[in-house]
Each structure stands twice: as C-alpha cells, then as structure tokens.
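Order as written gives the chain letters A, B and C; numbering starts at 1 within each chain.
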Amino acid sequence: MTSYTDYTAGEPVVDGRAPQGPIAERWDTRRFEAKLVNPANRRKHTVIVVGTGLAGGSAGATLAEQGYHVVQFCFQDSPRRAHSIAAQGGINAAKNYRNDGDSVHRLFYDTVKGGDFRARESNVHRLAQISVEIIDQCVAQGVPFAREYGGLLDTRSFGGVQVSRTFYARGQTGQQLLLGAYQALSRQIAAGNVELHARTEMLDLIVVDGKARGIVARDLVTGRIDTYFADAVVLASGGYGNVFYLSTNAMNSNATAIWRAHRRGAYFANPCFTQIHPTCIPRTGEHQSKLTLMSESLRNDGRIWVPKAKGDTRPAAEIPEDERDYYLERIYPAFGNLVPRDIASRAAKNVCDEGRGVGPGGQGVYLDFADAIARMGRAAVEAKYGNLFDMYARITAEDPYATPMRIYPAVHYTMGGLWVDYDLQTTVPGLFAIGEANFSDHGANRLGASALMQGLADGYFVLPATINDYLARNPHQEPVTAAHPAVAEAVAETEDRLNLLLAVDGDRTPDSFHREIGELMWEYCGMARTESGLRKALDRIPQIREEFWRRIKVPGSGEEFNQSLEKANRVVDYLELAELMCLDALHRAESCGGHFREESQTPQGEAERRDEEFSYAAAWQFTGTGTAPVLHKEDLVFEYVHPTQRSYA
Amino acid sequence: MPRTLWDSTVGKKTVMAVSGLIMLSYLVVHMMGNLKIFFGAGQFDSYAHWLRTIGEPFLHYEWALWLIRVVLVAAVVGHAVAAYQLSRRDIRARPGGYVHKRARASYATRTMRWGGIILALFIVWHILDLTTGTVHSGFRPGHPYQNVVDTFSTWYGNTIYIVAMAALALHVQHGFWSAAQTLGVGNATRDRLLKTLANVLAVLLFAGFVSVPVAVMTGVVS
Amino acid sequence: MKLTLRVWRQKNADSPGAMATYEVDDISADMSFLEMLDTLNEELTLRGEEPVAFDHDCREGICGACSLVINGDAHGPERTTTCQLHMRSFSDGDTIDVEPWRASAFPVVKDLVVDRSSFDRIIQAGGYISVPTGAAPEAHATPVPKPDADVAFEHAECIGCGACVAACPNGSAMLFTSAKVNHLNVLPQGAPERETRVLDMVGQMDDEGFGGCTLTGECATACPKGIPLPSIAAMNKEWLRATRKARKVGR
C-alpha cells in the first residue's frame, strides 16, 4: 500500500469560465455570455441550498426572487443562527464615500496583496466591483449601519488598510447583515418559493451521471434520513476551522457538507490555508469548549507586551517598565502593534514558546491600555471599546481598565475550501460552493472585513447570475428517484456510517477524539509548520482514526434527537480532512499568508513566498480514506498586481 | 376595524385600556361627589338628586344618569370579557409553570386578575347595597346620606369597602400605566411621569373613597 | 466546586418529562455554564447514559441558540445569555435547577431543547423590507437621521433567543415582535410596509398561541440584549395607527 503522502500530480485544473480581456470588463462579459433561463421556466427548476449564513441566506432569497424553486437546509433551529452572525468588525466596500482615494481597483489590489498572491485576480476584481452593490442592497433591507449626524453612512479603516472603507454596525455587523439576508429569505419562505428544512443536516451529496442532483440529509429531531433532489446543489456550509477543536467558530460549524462533496468528486483547494486571529481571549483550562474573538480594532490603542524574563509570574502591575518587552514595537517599528494578523499571531506564539507567556499555562500576552487611558482618558477609551471591555470582563472576571487584557491567537477562518471556477461551480457539474465553503477570493490570507463582503457577493450577486448558465444548459434533466442506484448507495453509506458509530459502543466520547485531533492540528498544522511536525501529524492521524472506530461511544439511537451522534459523525470527517490539510501544508514548502513553513523564511524571520514553485492553487482529488490523493494545480497568473514580498519591518 | 380590534390580543388590550380609562374617569368624579358628604346630609342628598336631573329640561328625569349607566355597563362588560378571554389565552400559552418558582413582577401587576374579580364582586354588592337597596335592611330611597352612614356603621360594610378600595388602588396603579402602554402613549422619557401619575391617582382614589367610612367610624360624619 | 444539578429530562415531544438529579464535581469558576453541562455530558456518555440535550452554537452570546431557565430565571442570574454565564456566579455546594423555555408556542423537542420556529413564522409574516436583490437604490439616496438609525439598531440587536417568552408569565412574544417591528418601522426604508408589517406580525404572533401582554416587565428584565419594555408601547402605537389607516385603505 502506498503512503498517503505519496500523492500524485494529475492534470492541471483550469478555470474554464473566466473571460479574458480587461479585468474590469470580465464580469460584464461573463454575465453577457452566460445563458439565461426563461423566467417562466425557472419555477420548474429546483435548487438545493445548504446553509443559511450570509452566502446561503442571500443566495436562497435571491434565487427564489428570480423564480427558482429553492429547497434550503440548516442544522440550526432557525436560519437566523448561522455563524455569520458572530462576525464583529465590518464589511468592506469600495464606495469611496470618504473621498480618500479608494476605488474598486484599490480594493482589488489590497485583497490580492493581502492574500499574499495566492488568489485568482478575476475573482477578486469581481468581488471588489460587487462590494459597492452589497451596501446598497443591505441598506435598502434595513440593515442599521452606523451613521453620522448628517444621516449618511459612517465608515472606518480596518486591518491596517489606509482607506476608510469598512461599513459597520457597532460590533455586530455580521449579525445585522445576516438578519438582512434572513429577512429576505423569510419573505421568500412565506411566499412559498423557498422550502426550508431547519434542524436538518446534509450528510452526503448525490451525484447522478456525473452531475450533482441532490443530497442525503438527516432530520435532527426525528433522526430520519431523507433524500432531496434538485437540478443543482449549492453548498454554503461555511468553513472548517472547527477541525482544530478550539476556534472562534460556533460549536456546530462543521466540514461534513464540503467533505462529503469532496469525497463525491469535488476538488478541495488549499486546505492548509487557515487564518489565525491574534486577539482572542486565552483558554482557561481543559474544559474550554471554544474561543472568543476580541475585535482587532483593540490593537489600534492597546500595546502588546510580555515580561522580558522567562517564567516571570508577577502580576502585570508589579513588572516595571524596563522589564517589559513590547515585542511588536521592537521587531516591527514601522507598523508596531498594527502588523497584519498572521504576523501578530506568530510573534505571540514565539514569545510564548520562549516561556515568556502570561496567564494560566503561559499561553497569553498582554494587551495593555494603561497608556491609552493615560493619553485619552478613561471615558474616551470606554466610549471606543466599552462593549469589548465588558465582554472581556464577563468572560475573565478581570477588569481590563485596571489590569492589562490577556490575549492569544486562535483559529478564526479558513481560506481553503472546495475548488470553484469563476462561476463558483466545483469540479462536479451542478455543484456550486459559495462563501467560506469555497476556496474563494482570499488567497492565503484574508483581510479584515472581507469575509462578509465575499459571502454576500457570492450569494446575492455572483451565484444567481452564474447558476443560470448551468441550468440553461441542462434544461431537461431526467428526474431522479430514490430507486436510482446512486441514490440508494449514498443513503446506504450514510445509514451504515451512523449505525456503525452507534454500534461500536467503546469507551471514548466524540469530544475526546475531537479534542485530540484538534490539539494535534494546532501543534503541527497551526501557526507555524515544519516538515517534521507535519509528518508526525500525518503518521498520527490514521492511528487516531483507527482508534476512533474502535473506541467511540455514542449513546442513544439514530431515530431520535441525538447530539452525540451528530458530533461523532462530524468528527469522522475531521479525521479525514485533517490529513489532507497536513498533506497540503507539507507539500507547500513555501510560506505564504497564513501558511508559515519554518523552513521558508527570510533572514528577518518573515514568511518567504516561493512564487516560481508555488504560484498555484492546490486542488486535491479524493481517492479514498487514507489513500494518497491526486494534486491538480491551477496556475495563478498575475496580470495586474505584481507579486512582491511583504515587509512590515 | 372592530373585528381587527377584537380578534387581536393587542386590540383586546385596547378595549381594556379604553374601558378602564372610562371607568377611571367615572371613579374620579364619583369620589369627588362622595366628598360632599362632609358638607352635611342636605348638601349630599340634593347633590344625589341633582345627578338625576342633569340635562333637564333637554333630557328627561334620570336620562343622563341612565346614559352614564349604559356607558359604564358597556365598559365593565367590555373590560371583563376582554380580561377573561385574554386570561384564558395567557394561561393556555403557558400551561405548566417552572419547577423552580420565584417571585415575579410587582405585587400590583400580579394581582390584576384577582383584584379585578374582587372589584367586580364589590360593584355588585355596592349596587345592591346603595343603589337598589336589595341587601340593605332599612334602605331609604332618596336618602343616600343616611344609607351611607348605615352601611359604614357595620363592621362588614367597612371591611368590604376598604378591602375593595385597596384592590382598586392596586388595580389603578398598574392599570393606568398599563393602559398608557397599550395605547402607545408610553415611552422611555415619559415613563416616570406616567408611573407617578398612576401612583397619584391610586392614592387619591383610595384616600378619597376611604375617607367616608373612616369619617363615619370616627364620628366625623353621622 | 461541587454542585447538584436538577435537570429537566424529556425523551421527546410526546413523552412526559421530569427533573433528574446529577452531581458534578471539579467545576471551575472559569467555566461557562454550558461547559459545566459539557462536563456532565462527558460523564453521562462514559456511563452509557444519554447526555442532556440542549441548544447551543456560537457560545459568544450572539446566535441566540442557548435557552435554559436556570433557577427560574431565563438565562440564569446574570443579564446575559446562558453561554456567557460563568460558574463563578454560583457557589460550591449549590443546587441548580435547569429547565427548558416553557410556552405552548415553544414545544419541547427533547430535554432542554425547544422548538422556536414560531418566531421564524412571525418574521415571515412581515418582518422584512421587500427589496429584491438588485432593486436597491444607492445607499446614500436616503439619509437616515442618526437618532432613528440608533433606535433601529437598538431593536435590531434582538437575537431571537426567546428569553422574553420564557420569562413572561403569559408566554407572550410581544417584546420579540416589537423589536423587529420597531427596527424596521423607524427606518425610511421600512415605511412603505409600515402598516401591513405590524398588523401581519401581530396577527401571526396571536395565531402561534403566544399569550397577551400584561406589562409585567419580566421580558425586558430577562432580555440579554436589553430590548427595553417601552418597545411594546411603541409597537402598540404602530398597531393602532395601522388599524386606523387600514380602515381607510380598505384592507
């Protein structure tokens, strides 16, 4: 048997949909070239949408408005609870309301550069173009963005960008945008155009004659396994950050929908590109179930430091100024505390690895507002960050006005995902992936306030335009029935998997395995990766998988509401996805964006890209559990933004 | 519009608010009229007689009074039926309580239903006692002063009356503020004013009404 | 710390439920309430018993999934969501009662999980602005006075958790409904559907079997997002206004 790491290189994967010509005209060109479905015929087409977050909610609503029959799924009890709701900071748009030199081209440029030149130019430019329309749409829906006294929209600068292009609704922008999409979706549900299945989780994709034709889903209340058929399937199921166990993702966010689609033939691109957010509240102990993000804006006024001495356990107040190391200001004098996310995260890890971390377990650094309070006054700090300070105090029981906050990086977002072409179609015809579920427009690193932009761009504007083309070219598909062998096979596989989980009756809980794989990934496929570490992880993962199927314990039955079964089934997929992430990280011997290979760094210790070898998106083809996948490369061509090495020193 | 009103919980609450305010304004007038008792039997009895002659000669004898009575009966019926239906609905909406009990809401709020029932029973007794005289031995039509003194010379008359007035005060205290919310008059800035007004009304009504039995008991009125 | 938990256990919607008693040990004050329940569930799983089912997701206080009545209080003793409640609010040796939201319109699904789809249907009845994708005017075409935008935001903060219904002795959804009505009705964008929105949403609220409002104020006290009680008065005002206008337009 060949080793999992002995992957083979397959044919390059080509984005056959992206039009050529001047970049600013490509989206118009594509929309013009795309075939349309006669409005009268649209209601004859059924489209399945999995997920109701920003991407799924907006896509479901828009497709229904266009006249399609939409069947939509969410595992939550209500579409309003999708994890997009937790996004705090804001949403970027090239409105240039500030007249500060912003433009579509600048947003495009910033995003390609921020992504460390691992995104597709055509997609990113389209994203920047559409950003403008998103704000219009959301305002019209009643999204209560922050406004100035003149009644016009307020913006702020975010994530070290030099223009003020981020629209926000206090610290709850994601919530407000999601409620806008949810409301639009609700309108279509009431109109009978969307058939919503809440508390229903997709467990497999049905592929008939090479085309995506439906899904297998489990009703989480009754446990019933059902099949749903359609002319096209859209996955908007979010990212896979929960493979790390501890992340800022919601507890139930999972990779099952995209992983099952991958197993059915959809290529998975750049799985190792994960974003680690530098300002999260550190874990307090073994019981920790998830991590909470603190808005990045805190770094505008807070100063990050650790004690100069190792193992210094004195309280912060007792450490004199000259025994403190403001390490970001020391290493990056030009940007100081405002260096990009990946750099701030890695620097925190480094000082903690040196034994200079603070707080329980030494896994934290101080974010100190003493200077800001002295300079601006407590009232001003309170006005600017009051809600964040309150949140911190509630979680930690410490007063951040009196003692410095403790922060530590945490997994936050996954740039990788299902490979899609310009139409957002995966390598399985009729299967589309939108939002965080696709490998998207963020390259190797996402800029702040761009996730909301991408989710809504995909859902409101891109997919509804491009899916027409697919449906118009496949107008009269044979109806699929439960009797079709492909359907029967998918259902049987799903039922067998669940039954096996229930039958093992071992002595370890799903959570214990999840924690184990998560810790392994954090250690070896987290902020800094090495060949030896990744190989260790790749050796270990099959062992955990084997142990899982020997020792898993799932109480209860499959014919009822069973959260242990849901969890165990998700862990099954993490145990496979983790392996692919490590392999992708191992094969990409360069550093870029959120992917830092210690072997590839500049003399100053910064990430060193190797464009000659790695200027491509890595799209992996599944060949079987634990067997070596096939790598298909999509070459990235940069016609407008020319790759340069990032430098923040 | 009547159907919209009556079919909706918010509409029924509106009916309760409006009918409650009608009854409340009546009570304020009633209470002030009662105070005439302190000016002696002559004044009080002739005031009572005047009530029957309001509007004359345009209206006939007692027409105005009957008009008021009809409005009041409509208000009482509307208020009570809406309250009954809403209460049934509320109980259906929350059939089982929590195993872990804890005191909820203010006393006035929690006693609205029982207070309302006490007041309804009181009104029946009050009419039988001082309007028709059915349950009043030695009732003398046309001599309200004497009838009032009679009633408040008995321990049970005083007890029933004072307990009912306490219930009334609590009912008005929550009811007035609540009606303001239902009619959409309440808002954050006006809240304190409305609450104060509700308290003042409750105290004034209680003091005004109870001053009569107290005066009889203490011999100020005899 | 060591705690005694009395938890509502109910197999499914059709079975009767009862309180069951469990002991948990080694509970850290830094744990969230849900992490304490995780600890219990790990133990139950290893003992071969079914873990306690409860809704939860973001654990950051924003998704509105978590929904426990703790010692008779929706979301427990602090004014926050259950997921943001920490065990430092309790003391060693405490007995804690944990129950599901109780309301006819929120039937129990299992243990502490209830069905809140009635809230979704209230939104479906009119809790939106009808603006198909692509039909929106330029965002700055209609300035919104900042005070109005702030009022809209204050109400838009509602997370739809249902604590207001759970706390209300009448199982009323007035605070929830008023939050959405006020969010949209105060904005110029929401004006064209201002009347139908409030009438339809209140109508749906009644149809779902929620109780009426007796203004006990329990909802606003329990609301983790601080939706204020006067929201209800504001919605009543909208409703009365719409009822008057609806007559004129012959609705």
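Points worth noting:
Note that in this section a residue touches a chain if its C-beta (ideal position, glycine included) is under 8 Å from a C-beta of that chain, and two chains touch if they have at least 3 such contacts.
Only a predicted model underlies this, so the values are computations on that prediction, with no experimental measurement involved.
With centres computed from CA atoms alone, C is the chain lying nearest the middle of all the protein shown.
Counting contacting C-beta pairs between every two chains, the top pair is A-C. Centroids of chain B and chain C (each the mean of its C-alpha atoms) stand 37 Å apart. Computed centre separation for the pair chain A/chain B is 63 angstrom, with centres defined by C-alpha atoms. A straight line joining the Cα centres of chain A and chain C is 27 Å long.
Contacts from chain A toward chain C in the complex involve residues 58, 61-62, 65, 76-81, 83, 85-86, 95, 97, 133, 135-153, 169-170, 172, 175-176, 179, 182-184, 186-187, 189-190, 198, 221, 248, 250-253, 284-285, 287-290, 292-293, 391, 394-397, 460-461, 464, 507, 509, 511-512, 553, 555-556, 560-561, 563-564.
Across the complex, chain A is touched by residues 11-12, 28-32, 34-36, 38-39, 42, 44-46, 48-51, 53, 55-65, 78, 80, 84, 86, 88, 109-110, 113, 115-117, 119-120, 123-125, 127-140, 142-146, 149, 152-153, 156-157, 159-160, 183-184, 187, 189-190 of chain C. Chain C meets chain B in the complex at residues 6, 8, 19, 69, 71-73, 97, 99, 102-105, 167-172, 199, 202-203, 205-206, 209-218, 228-230, 232-241, 243-244, 246-247. Interface residues of chain B facing chain C in the complex, by the touch rule stated above, are 1, 4-5, 7-14, 86, 89-102, 104-106, 109-110, 112, 174, 177-178, 180-188, 191.
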